Structures are given as C-alpha cells and as structure tokens.
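The data blocks that follow each hold one structure.
Paired with chain B in one complex and with chain C in the other, chain A is shared by the two complexes that follow.
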Partner chain A sequence: MIRRRADFSLSPAKTLWLLLAQALVIAPHAPRLPMWITLTSIAIAVWRYLASRWQWRAPGRVTRILLLALALAGVLASYGTVFGRDAGVALLVLALSLKLLELTQLRDVMLYLFLGYFLITTSFLYSQSMALAGYMLVVVLILTSALMVVSHPAREARIRPRLRQSASLLLQALPVALLLFLLFPRVSGPLWNLPKDAHHGITGLSDSMSPGSISQLSRSDAVAFRVDFDGEPPANAELYWRGPVLSHYNGETWSAAPPRRLRRSEFHVQPPGVHYTVTLEPHNRLWLFALDVPGSIPNDSYLTQDYQLLARQRVEQRLRYSVTSYLKHTEGARLSHYERRVALQLPAGENPLTRALAQRLRASSGNDAGLVAAVLRMFRQQPFVYTLNPPLLPTHNGADAFLFNTRRGFCEHYASAFVLIMRDAGIPARVVTGYQGGQYNPIGGYLIVRQSDAHAWTEIWLRGRGWVRVDPTAAVAPSRVEVGIEAALPNEAPGGLVFSHNSLLRHVALMWDSLNNGWNQWVLGYDNNRQTRLWSQLGLGNASWQWLASALALTVSGALIVLFGYLTLRQRGANRDRVRDAYQRFCRKLERRGLARAAQEGPLDYVRRVTRARPELAGRARRITQLYIALRYGPTPNAAQLHKLRGLIRRFRVRRVRR
Partner chain B sequence: MHPLTQAIVKQACKIIVGKEQQIRQSLACLLARGHLLIEDIPGMGKTTLAHLLARLLGLQFNRIQFTSDLLPSDIIGAAIYDRAGATFSFHPGPIFTQLLLADEINRTTPKTQSALLEAMEEHQVTTEGETRTLPEPFFVIATQNPAYHAGTFPLPESQLDRFLMRIQLGYPDRWAERVLLQGKDRRLLIDELEPCAEPAELVALQLEVEKVHASDALLDYLQSLVEHTRRNPRYNTGLSPRASLALLHSARAWAFMEGRHQIVPEDLQAVLPAVVTHRLRHDTTAADDGATIAAELLEEVPIP
Partner chain C sequence: MTSLSERLSTRKLKGPESEPVRLTARRIYILPTRHGVLFALVLLVMLFGAINYNNSLGYALTFLLAALGMVTMLHTQHNLAGTVLHSQTCAPVFAGQNANFPICLDAPAGTARYAIAIDSRGFGARFTDVAAGRSAHLPLSVPATVRGRLRPGRFKVYSEFPLGLFHAWSWVEFDMSCLVYPRPDDSTLPQTLLSPDPGEALRSTSAGCEDFHGLRSYRPGDSPRQIAWKHAARSDALLTKQFVGGAGRSLWLDWEQLDGLMAEARLSRLTRWVLDCHRAGYRYGLRLPGRIVEADSGEMHKRQCLEMLALFEIGSSRRSRTTAAA
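Let's turn to the complex of A and B:
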C-alpha cells in the first residue's frame, strides 16, 4: 500500500474562496440544469468545505471512478445523450464538482480553476447579453483571485490584495482584448458550428396558426426586433410588419403554402419610400420582417410568390438588414390560376353557417368592396369582443361557433373568420401574420417590436387593385392598431417595466433597452463587414484577411518581444532571485516526499539531512547544492552555471518511497 | 577543510578531548583577529587550551594571573630609573607577547581590566607619553569565572563587546574524562607537540580569511538576524554594528577553515552562539542561558 503524506492541503479559508468561484461559475447554468445536478454540486461543495475543516480523507480511486460513471449515466438519463450543448454543459458542471473530490496537489486546483474559466465561457452559448458579459467579467475576476489565493504560500486567504491584483491584471488585458476584438479577422458566420440543440426554445411566430397561437405569443414581452428609421417613423396604424403568409386551412389550423420563389413581379410603388434598418433577434426561422412589401431587399434573401421576405438560412444569430418599403403600392394585379386556387381553398363541409352568412351578404351587397364593408360593419356593430382570453372553440365548425356563438376572440379569430367569409363569397383571400406597431424608444430613437406585438390580419384580392390589406381586428378594437396592444387590452396585456405607468420606471427600462441595443449594434453586431469598413478607414481596405492576420500576429509578437527584452534587462539584477527560485523548486520536489526544508535550515544542513534520509539521491542533491551555493553565495555567478542548475533541478526526480 | 587548520584542530583534539567545536571556534576567533573570552568554573581546561594554541601556532606565550591587587603597570610594564645611565628606561610588561592568557580577568579591579582591554582594542600601549606597538599577531585569551562566584568584578557590557567570541568549555563527557584520566599529564603532552605553523604563516592566513566572499544573500541573512534582536522586545538591547562586523569576520574565518571561498548560512550559524550570546541579554533573567538565546534566534529567523 502506498501511504502518501499530506502533500498539499487547502486551508478552509482558501477552500471557501474556491467554492465561491465555483458557485458563481455554475449559477448562470443552474436554472437550465436538472435539479439533481445542482443538488449534487452543492452537496460536494459542502463536503469539500467540511473535509478541509476537519481533515477528512478524500474518497479513494474506486469511489471516484464510480461517481464519474454515475454522473455520466445521470446525464445520459436526463438528456438522452452526452453530446450537444445542454448535455455537454451538464457534464462539465458535474466534472467540475467531482474534481473537488481529488484536490490533492496544487496542480489539481489549477486544473479545477481552468475548467471554471472554460465553463463560464460556455454561458455565451446561451446568451450574449450585456448583463451576462458583465457578470462573466466579475466571475473571471473572482476566478483569477482564487488562482492567486491558492497559489499564495500563506495559509490564510487574504482576499482584498488578491482582488486588487487580479483586477489590475484584467485591466492590463483589456487593451489587448479590445485590439483583438477590433482587429482579429472575423470569418463570416460563427467560428465553430454550434451544437444542433443550440437554438431550441426560442419564441416567435410559426408557419402555422390555430386559434390561440398568437394570443399565446402576445403574453411574452421578449423583443422580436428593433428598427432604426431614417427620418420619422410612420404612424402606428401603418406599421404592419409582414411575416408568414398562411393560405391553407384544414378546418382548424392555417398553414403556409410551400414557398415558391417570385418569378415575375407585379409590383408598383409610389414614392416616398421609408428607409430603415432592422436588427432581428434570432428566431430560428427564415422570415425577415419588413413593412408591407419591401421595395428593395437585403442580401441573402428573396421574395416568394405571396411576397414573404425569406432569408436563405435560418436566422440563428442576431441579424441586421436595411430595407426600403413603400407604404403605397399595388401588387399582384393579375392572379394566376394556381394562386387563385390556393387563395380560395376551403375544407369541404365545414362551417355551413358561415357559408350561408357569406352568401347572404354577397347577395345584399353590390360588389366585392361592398361585401368587405358589410363584414367589417358586422364586426363593428354586433357585440364582438377583442380579448386575449377567448373561450375554446370546437375543432369542427369553429368559425360558426365564433361568429354566431362566442363572439370573443383575438386577432387570429377575426382574421381567420374574415378570410373564410371572403373565400365562401368567392373572393381570393389569405391570412398574414407578423407584428403590428411597436414601441418607440425616444432615448435611443428606435422602435422596439416585441412578441406581444404579434398580430394576424388578412389580404384579399380585388380585381383591378390586386392584393389589399384588410385588418378585421381594427374594426373590433381600433386602438389595437392605432396605439398598441397595451391600450386595447389594458388589463390583459403583458406587464413589464416598459409598459409601466410610472414614468421614471418606464424611463429606466427604456434606457436599459437602449443600452442593450447599443451592445447589440456595436459589440455583437461587429461582424466582418464592419471590420472591413474599419480596415478601409485605416487604409487597409484591399488587404486580405490572411494578410491582416499575419500582420497582426507579427505586430503582437514583435511588441511582446520588445516587452520581454525590456523586462529581461530589468530582471538582470534579479539574477540571484532566479537562483533562489530554482533552488526553491528543488526544495519543493523534496518537500512533496516529506523532506521539507526548514526556514532556518542552510543548504548544507539540508542536503546532509536529505542524504541521510534518501542515500540514493546523494550525488545529484549534492551537485545541485554545490552549484546553488556557488551561484547564490559565491562571488561571480554566471549565466551558464544558472542554466546548468536549472537543468539539473528540472531533471531531479524524487520517487515515492514504498513503506 | 583547509589543510593547515585541519591539522591544528586534529592535534588539539588529541589533548583536549571531546571539545572540537570549542577548539574550532577559538581558532576561528584567532584567524578573525579577535580576542577570546572563556567563561567557566576553574579546572575545566581553560589554561590548557590557551597553552595548546600557543604551542601549535608557535606563538610566544605569556600568562597573567589577575588578582584584586594587580595594577595596570603590572601588565603593560613600567619605566624604571636606570642608575648607571641616569635615565628612565621602559621595562615592557607581560602584555608584550603574541598570545596572552589573562587568567580570571574578573578578579581584578575595573581600572586594571580597562588597561588590558584598551591594549587589546588598539594593539598598542601608551605609557609616559610614548606609544609602543604590540607584536603581531596579538591574541588575548581571557578567562573568567561565572559572575556569581565570590570576589569578582563582572566585566561591563561595553568591555565584553571587545571580545569577538565568548565560549564555554563545559564538563567533558564520560568517555572524554576517562581518556583524560588514563592519559599522561596534559602539560607534558603539550610540550611534546611540534608546532604546526609559524607566526608569519598565521598572519598570512589572517589575510586570506579577509578575502572570503560574503554575498548579498548572505548579508541579507546576517542583517535579518541582527534586526531581529533589535526589533524583538524580548531582548534588552539589540546587537550593535560592531556585533554585525564580529559576526561577519567570524563567519569568514569559519568558512575559510571549512575550505570555502564564500560564506554560507551554516558558517554564520556555527559562529553565532559564540559571537552574540555575551552581547545579548534577555529581558527575563530566567532564560539567560547563552545556548538558549542563540538557538531561539536561529530558530526564529528564516534564511532569505
């Protein structure tokens, strides 16, 4: 049996500092982790503290391997895999905690803390918000201090000087980080492929709509996108951010027709156009939102036959694009046979009452426009109610139930019923979903569009005019369109500080959003395009990124060499200290095997004692000691001798004794 | 080990058995041009040690037995009227020698003590307006009885400081005493010894000792030790700069005897008890034992 002496032990104070760092590292992940992982981490941390306090023995190798296997099995059971973002992070959290069980050397503690640095970085896989970045900076500060605290020979942990030191280290690193941020060549797209599960659980519009789907979305005040207008933004009632166009109805759910690329545009506009830039939050879909139909489309996107603006790739990262829209336009003056068929499709035998109503209205009103006016009049005059909490509708004949029975609904109910009436009356019609309105942030001068602004409206095709937007919700609740959902539904709309009636709170919330927007624009939005622009401004416009990378690497290494040279010159006087450092390494190697040098023990006494205890080391230990004495106490130390001493000490090995 | 000093120590150990450390310390003291104070009860071999060193180094030897009625002129010498030439002529006292054994120095009056100590310091004496230098090398071994013995004038601290080292011989162990009892008379043995060195050689060695290197690291250690005695409230007074110099010179001599060209901390540690204990006094009289004071000091100050 190998008996090891207590080579290395962390004092309780240092352990506490280590555990604090760990808690801070795990905290942002904790809400996402299964409960058992968080509890395991806490349990091991508590054990670690008590163990350092009462000098408990660490668990043996077999126990540790068993625990590791259990952790793997647990992750596999919770996630079904050990790969991917979520399972990977869970595994890392467990590994970090389990490492606490085997902190037997300083090296283990180092590894533990470095794992902490890595784990805190993985938070960026979930969010890149400014608040998180600030938090992570604090965690890095604490981790660095912990690194210093555990490396410090003093038994007690003196926190404040370590914090100051690591803060100064981070401050020194800041210019380098900034330089690398600005100049390090960016490849378009993420540097590595994110795991497949990285974009799950994002709220947003979907490519289908059934009763309740948009009212569900409206409860979230998450930001969908932000818009920066060149000039004054149009009136709220004109802000229809067009998204998925839904043409197919199966009796309950509206869904989009498969996208067909627009070949022949019948699109006429009247100036003036509205120019604006959208910063779209990732929604993991293809749609790009724009006002009505855009007159110019951004790069890497295209229009479909039903005038949806689609990106070529799913929007997995925050995306900025500029669009010009014309609020007065006509489109689709001629309707193809296929388009007409799609826009008149109805499930057979559904909603007989609605069909009868449509035919009655068709007969009583002269033309198509008259029919539209009649239906809207019906919504306006009869007791229809606009609400976020409508009663459930039956799966069959839902429109009949809504129009003749419940008469309470959200925008999707009105849009759906309206399109059905139009189709029953023979007018091509479709549902358009997207966002309506938005909140203007006067501090940043931009428009915030939230999920709560999600909306559904309709488009009908009128001979001679093409596709015309009709919003039946505007007939029921005009304030929804003119002001916004919080005005139309003061008691039901999502709360949140931005809608607060307290002007100070509202101001603070808008300020915070403005800050976040700046962060998104200038930090997260700093992509290779902007970088190229910066290089052009620096007069490096034509350089390839490879050339720039090499130039940057050369400049940085050159600067480092100069710095190194300067420090070496300054260090020359401290040559003897390097002798001492080398000797201390020699002492540490022996100390690990229980032969610690006493503070007042001279080198000769020490080597005599070492030789007595371990005769096989005599030759090498004596040589090292002689060289050390010559270098440290002799009259003419020289670099060659120092080099030799360090080499000897590096190769000096003390084997464990079997007893 | 330096071959010559090793030979001297080896010879000396044959006569005074089991006291190698003290022999080495006294030789180091001599090499560092310091004077030695041996404090012990009578009959421990103080005089024998002095005799022995004089013999081995081939030094001219004189001995003064200090008594309470001894006068300064009994040491230094006096001008005596020469009737034939009708002039005063100076008759040098026993101090004009190379190795002087001042036996039981604390039995005499302070006046006489100070006359000797001044001569020790300056290596010269002044009488009747005339300055006479003492021979080279000049080395005093003084012995004194412990202060609690009756009829003693304890040396004041300022005068103790003049001695580079103070050593105690202590009782011999059982084996050493048996050797002493079985052997011949020590005096006779000493007379049989052949000198190992000439006085001129000794002077050369003293010059060599001064060349032993003291590095910054070593001086750091020395100063740490000295500063510790000045800062720690346990000590009545700290060590003086003269004590620092004494430490350095003694450590040099010790390193030289060990055959080294530089001082290492061990050299300092080896001479420290002999050099500092008569200059330091504990606040508490209880722990006034010299060995304890030195051990504590060495224990508390880490080697930088």
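Let's turn to the complex of A and C:
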C-alpha cells in the first residue's frame, strides 16, 4: 500500500484504462480521418499495452522524432496542408498516439490526458448534437477517472471507486459550470480568421438548378430551418419560403443573376402581417428564408431586386432572425428594360417543340392569364406524373423530351418547362427555389422545414399585376402544396420516423425534434444576444461585461463556499460520536423522571442507582448500559451493535411514578 | 513550487507539538501543482478556441473542466483536513542508516483518505490510503548521520488527491527521537583480546562449560541456550543457567585499549566489538572513561552497551542537526 513517489510506472491495468479513454476520444473523429491514421493509432495503442505488459523499452529520442516527422509528412500528403481544421485534428490525433511512446513520467501521462480533453473540443467543431454531447460527457468521466487513477500512486488501478469518485466530482462541478456558462461574458465574432475548411460539408439549396438537383435534396430529412410563428401559422399552401431566384437558363441549368439591392419599395403591402422567428441551420450561403414578401427584415440583411432576403455574411452558425411578412401585396412598378430582357432570355435553337407549343397556345388563348390557365390545364389533364424518380433527360432539348415524351418529373421539371413556355410566348418569367410547407410540431409549437421540403416554383410578370407566383407542381400534384411531400408521394417520400404512418413513432420523432430545438435555442444558440436578453429579462438592466464578471465571481465563490460547507459538515457529521449521542438520549429519558445522571457518576454507578429507585427498569437499563460500555470501551465499534443500542434506547420508556 | 512551500514553511517555527495533532483547515496550505498550471493553460487554449469558433459545447466543456478544477481544490484540502497524526517509538539504528519514525494516521469516521504522503525533506515521499475510521502507518525516513539522539524535526504531510492538480500540505513536528548507535567499523576482534586461551575460557555460553555457577530466574534477552530446559520441563518457571569464568575470564572492551584513535573512531571500534562479542555469545563488559557496564551477555546487555556508546559525552539533551539551530 505504501508507495514511494520516485518509481513512477504505469501498470498494465492503468495503461488499459488510458487506452480506453484514448479510443473513446478518437472514435468520433475516426470516420473522417484517413485510414492510415486510425490504423497507426491502433497499432501504437497495441504496442503500448504489450510494452507495459512485458516491460519493453520505450523507443529512443531519434525514433520518436523520426516518427513525428513521418506523421507530419503523412498529414501533408493526405491533406495538402498541416493547417486548418481537418489537418489540425489529424495532427492532434497522431500527436496523442505518439505521446503514448514516451509515457515515462507522471507529467507525460498528465499531458496525454489533457490532450484528450482538448481533442473532445475539436469534435464539437464538426457536430454539436445532443447525442455527441452525451457521449462526450461519458468520455469526460472516463478521462477524469483515468486522471485520478494515474495520479494516485498505488500500483493497482482500482477503477470502479475512481469512476464513482469522478462522477461525484463532476456532479459537484456542474452547478459552477452552469454559472460559468450563463455568466461568462460572451464575445461575438471570431478572434482571428477561421481556417477555410471550418464549415465544410453542409447540404442545402444551391444557386443553380438542373434536372434532378432538387429531387436529390428532397431525399434528405435534415432540418433546413425551424419557424416560430407569433399566433396561428398560415395555411400550408401559403408557406412559400423564398430562396434563390433563378433567371438565367443555358439549355440545361438555371442559375441566379448576381444580386442587386432593392432600391425602392415596389410593392404595396396589405396588413395584417405575419410575424415569425426563423432558426436557420448553417448552410454556408448568404440567403435567408422568408415568406413573400418580407416587410420588416432583420439587421445585417437586405432585400434584393427579386425580393430575396440576403445576409451580409455567410450563414456559418445557426442563425435566429425575426421577420414580418405580408402574404397579400400588390406590385405597382413596371419592369425595367434590363429586367424584361433577363426574364425573357432563352438559349438559341433549344427546344423547338416547346416553342411551337407556346406559340400555338398563345394563339388559342386570348390573354396572358388565359395562356397560364391553358398550360396548367395541360399539366393537369394530360398524363403528367409527379415523381421523385424521373427518367433521365437528354442534355439538349430537355424540355421537349419532358413535355412530349417522358412526362414524368419533379418540381424542377415542371417549373423549368413552365418558365420556358412563358418565355417562348413572350411573358417574362423566372424560376424561384426555396422550401414549401413544413411540418408543424404541436409539442414544441413550431414549424419544421426540412431539406425534403425543397421546392421550385415560378413567377411571371403580368401587366398591371407585377410578379405573380404560379406553381405548376400544384397543377400536377395539388396535395404537394396543400399537405406536403409525404402526402404527394406516399411511396417515394424520404423515409425516417418523422414521416412514419405509425402515430406513436411520429409522436416520438416530433418530441425528439422539439428537444433538439430546445437544445439548439438554449444551449447551442446561447450567445451574446441571448445572454443580454436573459439579463434584462431578469430585470438586471444592461449586461455590461463588468457586471457579468462580478456576478460570475460572486455566484461561483458562493457555490464553492456552499460546497466547502457541505464537505465540512459531512466530515463533522461522520465524526459525531453516535454511541455517546445514543447514551445521552437514554440519560435524558431518565432525567425527565427525576433521575438525572450526576456529572461524576460512571455508567455502572448510575444504572445501580436507577435500579434501586425504579426496580421495574432494571433489566432494560442494565442491558443498555452493558451494550453502551461494550461499544464505548470495546475493541472495535460494531455497526450492528450500535443499531441495536439505538433501538433499545428508542423503545426505552420510563413511566411517571404514581404517588 | 518547492521553494515557495519551503519559504512559507519557515515563517512559523513553533517547535514540537503535543500529540496527537489534528490537521485543521487553518494549518493546511494549498497551491496548484505543475500539472495544475498545465491544466489551466490547456483550458485557456480551449476557451480561445471556443470563442473563436463560437462553439457552445466548446464553452460548455471548458467551463465544466474549469469547475472540476475548482471543486478538486476543495477536495484536495478536505482530503488532508481532519486527519489525526501521532507518532510511535522509533527503533534504534546505526549511524549511516535511515531512522524510520512510524507516523500513525487516523482517518475520521465516515470519510476515507486517499494517497496521503509523508515527506521527510527531499528524502522521497511515501503514500498510503486510510479507510474511514481506520489508521495507517507511514515511515518518516530520516538519514541518521551521527550517533546520539536523532530528532527528525518538522516533516511535511501532503496530498494531491484526487486529480493531482493541487498540492495541499501541512507541517508537523513531534517531540520524538531515535537512538543512533555509532557506526560500527570494519575491524574484527583482535587476537590480543582473545588470548591466552580463547577457545575455552571466554566462551561463557558454550554447552560444555564446566564452571556452572547456579540458576537464576529467566530475564528477557537471555539466550535460549542458557535456559535450564530440564528444569523447565519439571516446573512452570523458566530458569537461566549461570556460568562463571571468574573476573579474569570475562572479556573487557576498554576505551583505554584503543590509544592512538580519535574518540569517534574508538566508539566505532567498540561498537563493532560489542556486536561481534554478542554474535559470538561471549561474556563481555564495556569500559568507557567514567562509565562501566559490568560483564554480562544477552540482548539487553548489548543494548545497554550500545546505548552507552551512542550517548557517550552527549547526554540526553543534545539535539540533532535538524533542531540544533533553533
């Protein structure tokens, strides 16, 4: 048991615990890392275990430096750089593994474990989901217990008590951590430039549309954004969340014109407006989603000429913003020459059949509105099919092939064909992409808009009415717009529990989403603004950082003092002499009947006097006294005996003497 | 860290305390260890990372670990506070060996103590756990360099439990001492002492000795070879056989025989002779200037001789190197 400090060594049991901690830390990174890094880590870990088992010697300094250089070169070869988020993580993982080669002092092991804590943080750069946070809490527990195991000089590991103690330490740390989280003055914005790869790998709409791009997106049930309406949400058919507006067509792909800022308000809105707050998942683009047309817009954003709401900076973090939209509005202005030209642009010589169709319909219908009705009637009455899996279209004359041959398509096919017909007929038209509808979560009282709600519709310019929204998909599959994609495509819609027909599963899925939403709003979204708002909601006025810092210092020291008091009291409580306490209770019971124990009286003398005065108590009083003496002066205190003594004293009754 | 703790320690020199000593919160110092400082640095880097990436879980983890550090500080302090220390008698040693003062640590009922260490200045620390309500012993090792009475002076009790991030310590001094015999030198018993007839005359305890003197009652330390076993079989009392070789037949280890040696060297030589005589089972006496131990044999006799050698011209009041200055 006694151990000298000088001879530091890691027993195999301790080593195994360290390696477990390391594996758990690296595991979330493993799918992103090149295979060779994972394999290297595993190989070094296995070596480490065997080395501690068989007392192998650690490799020398030269070998270690050589390995480090190799690791650097490997990362450089795999990533092309050693800087940035991904390469940095790869280097850290390798450094952690290489550190295993030189665990010769306690300091090395400590540094190794601290590196482990640090690697946990890097995981959060990729995901901040509740599941990962829960997992990492377990990893922190294991790392902390490993810290406890190695810093304890005993050779044997004794993992279970250490785990229990670490859990207790972490629980005690939790209130202080919460205070720090709430009150530590938050700084907004990065302190230095983030690496370029900081926000890679995010799905969402893009600024171009070709056949298949939106149907591809529709297969994902990832959340695009969540909306909290003030009051009743509008009907599903009115929920057109405007995204990129695409005016330019090259024969296959629609793309957006460079954004131009809206100079003057060209529409008249009719109250009442719909007020809502959007929590947008990061998509690394500029656009913000809003219902047509936004009246009041958030700070750091602006409206473009085609009524798109754009942020001034890419949305790299989850973003909350509030908008008031007016679903009823009229356009007063006229189309400029430039805009008309853009809205009528067509690639030369493409889709001759479509052009002929447009001219035929134009001739047969009296005005623009009649033409629109005729096209929609065609979509509705002829055997057009709305499907997620349309056949492939040729790169040339794709619209002709769609309209006259395949007749199966997703929203982008209908929107594209419709705009082409309009343009061929001389009506300015454009494609609008975004999201349509959403799923209302009754548990959280908000609307979930997923990638599967991605949609494309059109706008045409009608003289005197301005830009008018026409959704050709609604003509083919009305339920898509009125209910949602899972209703329009019952057999093709994306899977997952959220669309399950089982109502219980659906309920659970919605509950889970609502939990996630709370997590996003209150944990991940807790920033500068939220902190300020919380502060003012508590009626504490402006939260300057000085105020925050002093409140933090006060409450944290308060919490620590409480903990200190608790620890002291616990010790004092344990120190209390329970045997004496019990005996004193016995004495007090007798005292109440006039048999107080004299200060100089020993327990045996006392019980003799009690027996003389009250012979009927003799048996019980003697038993109590004997047990007390055995406990008081006997060799080892015995919990069972103490329990018995306390029971005897509890049942000990002294009746009033009748005179 | 050590230099700072050293400095803090020299502020109050109170001298020995009465036993037992209870480590109260007031007398416990606490500072972060080197690992604790490293931990803080790692947390700082993590905090900057969290700010830069505006990463909420990064903040959360950093704050959780920071809070863990603060909580750990209290626990390190409480691991030491309330422990009761007292000493036990230290077995005599020879100069050049280490004296091990047994220090007894009592944990209060209900709360166990973990990895408590006793550090005798720079001589390496030893650790032990103490279960709740139990006691454990730790040796306080002090090198015994010179003969006499060794007082270990102050020693440090410390703990870095649970995470090794903080170092809590307290200084304790007990009024305890250890008898240090002179270091025996490498000589052997000279022939002149053993002559003229070493084989018979001097071997007082040999089985076939003819000069049987009588029986006396057994005293602890008597050699088993001297016990009258036949007599013991008949009665309950143990008796020791006494042999007398006459006054001239005892071996006298005399200070005066060692002319030409310095005082300490003489003591070393005499110590060696005492040990050799004892091992060989001789009957011997010791003569120092002004002091005599009459010829005898046995464990008690050996100790008496060694103690006289240890304390020669020192007396019992002399203090050792550690406390002599005070």
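To be clear about the criterion, the second predicted complex is superposed on the first by the 524 of 659 C-alpha atoms of A that agree within 3 Å, B and C clash if a C-alpha of one lies under 4 Å from a C-alpha of the other, contacts with A are read in each partner's own complex, and residues count from 1 in each chain.
The definition used in the following text is that contacts are C-beta pairs under 8 Å (C-beta built on N, C-alpha and C of every residue); 3 or more make two chains touch, one makes a residue touch a chain.
These numbers come from a predicted model, not from an experiment.
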item	value
First, second, both or neither for A:602, with chain B first and chain C second	first
Touching partner for A:60 - first (chain B), second (chain C), both, neither	neither
Touched partner set for A:527, first chain B, second chain C, both or neither	second
First (chain B), second (chain C), both or neither touched by A:565	neither
Chain B versus chain C as contact partner of A:633, first or second or both or neither	first
Touched partner set for A:172, first chain B, second chain C, both or neither	second
In the superposition, chain B vs chain C on chain A residues touched	C
First, second, both or neither for A:128, with chain B first and chain C second	second
Footprint overlap on chain A, where chain B in one structure and chain C in the other make contact	none
Residues of chain A touching chain C in the complex	1-6, 106-107, 110-111, 114-115, 117-118, 120-121, 124-125, 128, 132-133, 136, 140, 144, 147-148, 150-154, 165-166, 169-170, 172-177, 180-181, 184, 186-192, 194, 198, 317, 523-527, 556, 560, 563-564, 567-568, 570-571, 573-575, 637
Complex interface listing, chain C residues touching chain A	25, 34-35, 38-39, 42, 45-46, 48-68, 70-72, 74-75, 78, 81-82, 108-111, 114-115, 117, 124-129, 132-133, 136, 138-139, 160-164
Contact footprint of chain A on chain B as seen in their complex	213, 215-218, 261-266, 269, 298-303
Residues of chain A defined as touching chain B within the complex	576, 580, 599-605, 629-630, 632-635
